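Each chain gets a letter, A, B and C, in the order it is written, and its residues are counted from 1.
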């Protein structure tokens, strides 16, 4: 037990029971070079009304984690572990049970609103279809509710806009429609996979505010997946930092940013532009190429890029544990700051993100 | 996945083997120790079913050797297939290259002519050509070449458009090289390579078309054997002696399938090469 | 505003119309020229072999056979523009009347075959794409390869042999008009239409499968699944329409293939359709009829292209001409 990865124990007293409990989830994809460990033994919980951020470079397995949690991993993928939601394990649920949960229990917003909408169907119809088939409304009620939803997500003149095709809308409008589709059936958990990446900077904030408002109004739990630390800073309570399919650091967002322990998190923080720097300052970058875990790997996956790596890092798998508790004596408790590193950094370096977060807000 | 790849490999080898058999039959038909395709098999009744004796593939409605006729029929099918594919490819190359290279009104004019050919259903056009010309292989080859030219030309035009903007062609143009030389030296080899796989697909089509024409009684004049004609001759006896139809039909089927498999494989191989280049 | 919209439509349509007219002129010219080359004198076909020189000369005068080729083409073409396709040398009937009479048969066959082919290929294409590389997909890949390699007339013979002779119940030859009763009509049309349809099914289903596989990779399909929509609805309502553009094009083009198939099938099943008319009039050198039929088929081909374009607009709102 002491060497195992994080285990979900009962919720600490005073905290709400988790809505969604992801435990030891792995997703392996077959590739020509061997099995790719896209998601590797990831665990976390999400409570009602809570926002959790997932941060990592592209290719770190964030999107695959979202798909796996939804029970929608590609057919070729092999998944293990469990995703508990409302008495179901979404990884082993029958197709029928899964369909019952998707949309009304767990919903998802995608990265690129240009491709996430059916290009040949009017947006009002797409909404009404979901409301009719999954929300149990009749045709007329579904049509009215669709317009209402469009209004809720901030689409001006929703009755007329319902008759538009996706290509007739701007990117921000399309993402609002995608969000309307996702929340149409009142989900209790929303997975937002890079919801602002494909949008203009000015629109990004509006979309993030919209998501925050919806969360506040409905009390749903939200997983906000992004490559941009600034997006999750100030908008999430807790944070998971992913690298090559694994969670390398987790904890309360403010604490992770204030006192990052993993060298990768620290490097991510250093690469965020700071306001007090003179313009044209060369930004720090994370050296080397993002790793993907193909085949059997040994040692820390960040070791090849890590300035602090030593022999042990290349031999042994670091385990996610509270850095203050020696020998990983406190397993689980995913609400506490934990890091998977043999030589964690001292902390600090979060000022930049706080600045950036302030700017976005 | 591996099983699938192996099955693909096997089907290619089978296709190549069958084409080799047909080619051998066509080339060696005169030299093989066969009976005459036009004469009756002495001492054997008409419509004798196949078997080792007295006649390997049986005798037809008149009493001629089915084996001899099938082997000689291979010659006709192959001649028509290869001949028409070669002619259509040559004509298609010339028109397609011109349309793709010169564009503007040349492209439009060629496009209208090709559209006019395409607007007439292939078999109707073929029947008209067959009715006008002298009955024989040459007429059928010519007709099929006319029918096939638009397809080759469209492919050639598209390939030309894809190649013409590459650096080495642009460089040759900038150096003031004459169009004829650019077309011959730079474009032709590339476009031919892209057209070659389709030639096999077209041969498959040509074999079917030739058989259809013979089936309609517009093919070679009797007693010359052709697979389509043999199928037509055997039609009245379908109920009692289906082998009369079955034997030539299987020959057509295998030949068409083989050409299709070879063409398909050639195309895929070429595509793969392309994708690695880019 | 409607005027401006009409203007854009005209600007798009006019060059297409001009091109179509050029194509049709060329088809008519080609048909006339080809038949002019043919050996034999239609006067003999008309009068019989014992005709006297005077009779033949009189026929030539009546049919303008002694005029130069271009004059005859011009006379014919100007008739066509007015809707007069001339009269048959053989029967003396107006060409359009015999085409119309035959069209009933061929038209029904072609439409039945198209509908049947689509009705079979669409579910097959969708389901083989849904479970690509599955058992059913691989089995169908084998069957369709076999169908592609089978010439239509062999297929027809096989179907006639199995369904008409062995199983029974379907007539192997002949035709019954719709007026003779829908049951008899459909029973006679069944075998020939099935033959034509089966020849199309492999290409249709493969084309749709390839496009569906691409569509099913798209985000909006994953998004639809993430909303818990039923699989069948996602396949047929969400994925099918954006995947059907190539199939629509192919359907338009296959009119020619269908007519070619109809020629064979009509001769084989002894059906009084256009295909049979082509074969008999070509062999009899009945020039006006051949020209008329060829012209008619070319018009159908061009019309099919236009219909395809319109369908494109219906299927994909992104290509519609819209006033903005």
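By our rule, contacts are C-beta pairs under 8 Å (C-beta built on N, C-alpha and C of every residue); 3 or more make two chains touch, one makes a residue touch a chain.
Molecules present, by chain and UniProt name: B, C = ABC transporter permease.
Only a predicted model underlies this, so the values are computations on that prediction, with no experimental measurement involved.
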Far-end chain from chain B (ABC transporter permease), centres as C-alpha averages: A
Identity of the most central chain, Cα criterion: C
Inter-chain centre distance, chain B (ABC transporter permease) versus chain C (ABC transporter permease) - centres from mean C-alpha coordinates, in Å: 23
Rounded Å distance between chain A and chain B (ABC transporter permease), as computed from the means of their C-alpha atoms: 58
Sites on chain A touched by chain C (ABC transporter permease) in the complex: 67, 70, 72, 95, 98-104, 107-108, 110-112, 115-121, 129-130, 133-134, 165, 167, 178, 181-182, 184-185
Footprint of chain A on chain C (ABC transporter permease) - complex, ascending: 218-220, 222-231, 233, 237-238, 241-242, 315-318
Chain B (ABC transporter permease) residues within the chain C (ABC transporter permease) interface of the complex: 4, 108, 111-113, 115-124, 127-129, 131-132, 204, 208, 211-212, 215-216, 218, 228, 231, 235, 238-239, 242, 245, 249, 252-254, 256-257, 260-261
Of chain C (ABC transporter permease), residues touching chain B (ABC transporter permease) in the complex: 19, 22-24, 26-27, 30-31, 34-35, 37-39, 133, 138, 145-146, 148-154, 157, 160-161, 165, 255-257, 259-261, 263-264, 267, 275, 278-279, 282-283, 285, 290, 293-294, 297-298, 301-302
